[in-house]
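Take a look at the structure set out below.
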Amino acid sequence: MKVSIIGATGYAGAELLRLLAGHPGAEVVHLTSESYTGKPVSEVYPHLAGLYDQRLESLDDLERIGADSDFIFIGLPAGHAMEIGRKLAGQPVRIIDLGADYRFRDIATYEAWYKVRHTHPEARRVYGLAELYREDIRTAPIIGNAGCYTTASILALAPLVKNGLIDLKTVVVDAASGVSGAGRSAKLPNHFPELYDNFKAYGAVSHRHTPEIEQALTDLGGEAVTLNFTPHLVPMSRGILATAYAMLRDGVTETAVDEAFRTLYAGEYFIRLRGRGSYPETKYVRGSNFCDLGWHIDPRTHRVIVFSAIDNLVKGAAGQAVQNFNIAAGFDETLGLKLAPVYP
Amino acid sequence: MKVSIIGATGYAGAELLRLLAGHPGAEVVHLTSESYTGKPVSEVYPHLAGLYDQRLESLDDLERIGADSDFIFIGLPAGHAMEIGRKLAGQPVRIIDLGADYRFRDIATYEAWYKVRHTHPEARRVYGLAELYREDIRTAPIIGNAGCYTTASILALAPLVKNGLIDLKTVVVDAASGVSGAGRSAKLPNHFPELYDNFKAYGAVSHRHTPEIEQALTDLGGEAVTLNFTPHLVPMSRGILATAYAMLRDGVTETAVDEAFRTLYAGEYFIRLRGRGSYPETKYVRGSNFCDLGWHIDPRTHRVIVFSAIDNLVKGAAGQAVQNFNIAAGFDETLGLKLAPVYP
Amino acid sequence: MKVSIIGATGYAGAELLRLLAGHPGAEVVHLTSESYTGKPVSEVYPHLAGLYDQRLESLDDLERIGADSDFIFIGLPAGHAMEIGRKLAGQPVRIIDLGADYRFRDIATYEAWYKVRHTHPEARRVYGLAELYREDIRTAPIIGNAGCYTTASILALAPLVKNGLIDLKTVVVDAASGVSGAGRSAKLPNHFPELYDNFKAYGAVSHRHTPEIEQALTDLGGEAVTLNFTPHLVPMSRGILATAYAMLRDGVTETAVDEAFRTLYAGEYFIRLRGRGSYPETKYVRGSNFCDLGWHIDPRTHRVIVFSAIDNLVKGAAGQAVQNFNIAAGFDETLGLKLAPVYP
Amino acid sequence: MKVSIIGATGYAGAELLRLLAGHPGAEVVHLTSESYTGKPVSEVYPHLAGLYDQRLESLDDLERIGADSDFIFIGLPAGHAMEIGRKLAGQPVRIIDLGADYRFRDIATYEAWYKVRHTHPEARRVYGLAELYREDIRTAPIIGNAGCYTTASILALAPLVKNGLIDLKTVVVDAASGVSGAGRSAKLPNHFPELYDNFKAYGAVSHRHTPEIEQALTDLGGEAVTLNFTPHLVPMSRGILATAYAMLRDGVTETAVDEAFRTLYAGEYFIRLRGRGSYPETKYVRGSNFCDLGWHIDPRTHRVIVFSAIDNLVKGAAGQAVQNFNIAAGFDETLGLKLAPVYP
């Protein structure tokens, strides 16, 4: 399959290049970047020297790029992908957008949280979280690749919500991410000395991944879910750990909880159930497409606590995109993704 | 005042030495360590070279150490301080224990969570969190210095609980600490490569700081509080950020919340209210005795979220101990503690 | 090829497992560990869950392990591999030792620096640095895989020494490594809070990689080389940067230096010449088998400075071992090793 | 003494504020910043909340600021301080410049390395490294505070050069710094994910601290010194370790080397001699004004290796400035600077 990356010089783009370098079913044909047009990608990312010699192109040539490609990955800030999707709407090329433009079924939700008008609301699209929306991904022309925090959060709560084990009014997700999640633009808050040996929260009550988690849980639970999602910034490069809290419904047993996880994720290569009482660590999954899950039940408070660890750039972005690509292209879902985590 | 430190070679002991080096009202007379008896403390902690030339003594000489000292700070694992307290019970020396032995009013709670029998239950003791128990600290012979996570958590929630603003059944505290909180003994989980670029939780539903937070909130709220407290480990040396969640009671306004913080902490030198909508960072307080607080209200879910940042070795241990010492000794509460945070 | 790992639970062993998981020409048959005998390797290294389900065996069964394997990788502290080599001497199995026992041609040098008697001096062995000793590696029964600092240092200086461009009495190598190079045993100096936000040197004038660098440069230069090698510890998990200094011989031009690098490393997949004036970074090679080189010439002092970056666990250990394995087994040298670096 | 800080919002300015907050002989009257004019300094640096409530002023008011102040500290990029010095030349206010403008006796050297014309060459100035130029500092109207790398490097080599123990043609200084040394402006190379878990060199053969080290060593040795200085960047916030190499002159004994260090630094509060065979660590001095020194002699190569650790923002900038201020103002040299290092 011929693939191109629009917005190849963000961290997610670079991670796609790392993964595609070892993927036997993909040939990278075009890479675009408006900031570095004309430069070799290996100059922008020296770690790719010897692996890629392409030069970065401009988006101006979108038509041709679309015509040359079976799949296009988009790694641009919110608001840009829908323009590209609209322009390519007549072409056979399929789109996997790593941003938020195509993640929402309800356009009004998107517009309310992202504060822009959606310009491609009629697009036939699917939410790109393979473990939950696999069948639709096979044929969708546009895949709205799930976000990083959202992937960790939804996979943590899905078995509980799907099986009606928790009170949906009591969900709190407290999560923490490495700094690559904030992108590659240099800004004071992400300047090395400001973050090193430091820990902080941000985006409380307003982070845009909130409605995305709510959408998926509402799908699973059959009633509208409203929750709190609070992200934190960890002084590390990669990794997300989501800690999800909810009250168990009356009479729900430990066994029922265990069973819910085992059933939903049976046969899922990328989900590793660490089991009740365990603590997944972000380093267990670093560089890989795994999502590791552990859960705890508190008999004193009747709460369940789920820990969910992913690499934000892999299962939270580029790896998930390749997983979706594999599904959409008819490949084995794990093709090019059976990478062992890099530890320590 | 003559002071001694029992168990001087843990991180809290070393931090006490840092703070006492600049304290005009304290003279350090004895330092003990069973692991390093006979060695100069500056060999165990080379950063103290030129500041301390004392040799470490053994606890065997406890009587004499007690007789020589006006105050004894204890920095030993749970279970040891109560032995020391019992042995010194007849002496005028006062004790500030940085461990948990003297933190609980209800001995049964201590015994249930710490799995040991308390050998000094009759001790006249006070919980050493100055902002809330100041008056009792002035005269108590034994001060059970508040724990690190607990200090951050209690100070975050106290204004809300005291003013009846939250539903006490809905409290969740999600917290994260730097690794110095785990002490100085080398173990595989805290080996550098295992933690670096890694984030994980531990002690869910079972961490011993849980009942300590519950005790203080119960004092403030007038009814028994049961909550979830979940600690995480951040790849950094120092600092704690507690993120506390609770449902607001019906009709509670933003102004009422703001007012609760302002009133309770009016005139408190070490509490810095960052205000509603703010995000205190652990680096803002590093090396200092400050506790920085910020809070957010979510109109969608009616939850309040409070962020509380301290340096776990200062306001969470040695600084709080010196603050308690100042109160107990009749000094200005800030003596030797007006240190600017070390940033970046 | 059937391969086994003796001492599989050190960091180099774990890295071998990561690399072999993606190697199409190797089947892992036995893993040994004396500390964790009987446990699944994925319990000792949870990141390997889903990739390996083997249990760790004891070395007691060495004969059988040898008989089952075409190749054995050894990841044990100095002094143990020579015992294994001696015991397996009659078997066809070939050995790739990641330790120092088989690195030295001159047994007296080994014994002087490692302070133990060599018990297998008659072994037919080769120094396992593929770029310089490739031909001998093809057929050697025992390969003494080059050390981490030494690989970076030798590759930095080889072009200069081989072409007689520098004064061999003036060589200084100043190097820095991530902490995984110190192994996985928990000790106070490598306890997280002791190293985080800290930088220090160690092993000045006495580090055991010194004679290994000297041996290779003496081979290349045709006269005995004596030099200073000074390692430092960087608060990071992986990576080595060696900074090598030497005086240029009279009349040596910039062009001659450039040419020396280009000629020696022409066609070497794993050597990436960043060129004169460049600064390779350890992150450019993280997780990969690349060695990146940059060099500078100072017209004021007539010194040449070479920077050499590797991942200490890959090109400095497990990756080099697989490269040697590929050569020895008759595979393409890059089989299973064309991994893109993990950035950021 | 009334003091003001011109360019108060760089890291060195913030560190000055930290130190001056605890200095009994200094009152901070004016703080300037062109980027943040009008804002409270505690908004730019939230860690200073409760300690400073001043607003930042513009340099436009330089005359008045000069008239109000006994001392002015300048923390601006090279090229700006000489303009300020020139404008204030007629006023009694004394200047301590933390930049390079007043560090060079020979204006041509400054102009060659800094690529600007010096506009205040006639200024009566002194090089602000107290241990070596103390007498001149007492009365100089302008003090060119020594640089960070240079302080570590010069203090490492001064005893050897002053006593003629080393061959001055063989000096190499290999140094490494935490990232705060690069200042507070956000740029891609210092973006958190780019540096975390990474190590690299920069400025080889061209770093501007080279001629500054050469100037001081030439002063001490009585003959022109030309050397190599190579800086590296460590993924940490603070700290510098310089590793200095030189060949010992014939017949120089270990005792002579030890003696040289002991004699030159006898009575120096801020120099801590760790002794021969020791390894100072940057964390031993973090947050303090100490410079820790250790040295090694290699009988195989006849080289001496000196390790020198400072906190780049304290002894390498603001602490040294306060030390110079104390000397110039007639205070005890350690006033406000007897801070214990912050460990861990």
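Just so it is clear, A, B, C and D label the chains in written order, and each chain counts residues from 1 on its own.
The criterion applied here is as follows: a contact is a pair of C-beta atoms (placed from the backbone, for glycine too) under 8 Å apart; a residue touches a chain by one contact, two chains touch by 3 or more.
Just so we're clear, the structure is a prediction, and the values are computed from it rather than from any experiment.
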Relative to subunit C, chain with the most remote C-alpha centre: B
Chain pair with more C-beta contacts, A-D versus A-B: A-B
Centroid spacing, where centroids are CA-atom means, of subunit A and subunit D in whole angstrom: 46
Cα-centroid distance, subunit A relative to subunit B, in whole angstrom: 38
Junction residues of subunit C - those touching two or more other chains: 11, 178, 180, 193-194, 196-197, 235-238, 281, 283, 286, 344
Subunit D-facing residues of subunit C, complex: 170, 172, 174, 176, 178, 193-194, 196-202, 204-205, 226-228, 230, 232, 234-239, 241, 243, 245, 279-283, 286, 296-298, 300-301, 303, 305, 307, 309, 344
Residues of subunit A that touch subunit D when the two form their complex: 11, 178-180, 184-188, 190-197, 235-237
Residue ranges of subunit D in contact with subunit B within the complex: 11, 14, 17-18, 21-22, 45-51, 180, 196-197, 237-238, 269, 272, 274, 281, 283-288, 290, 292, 338-344
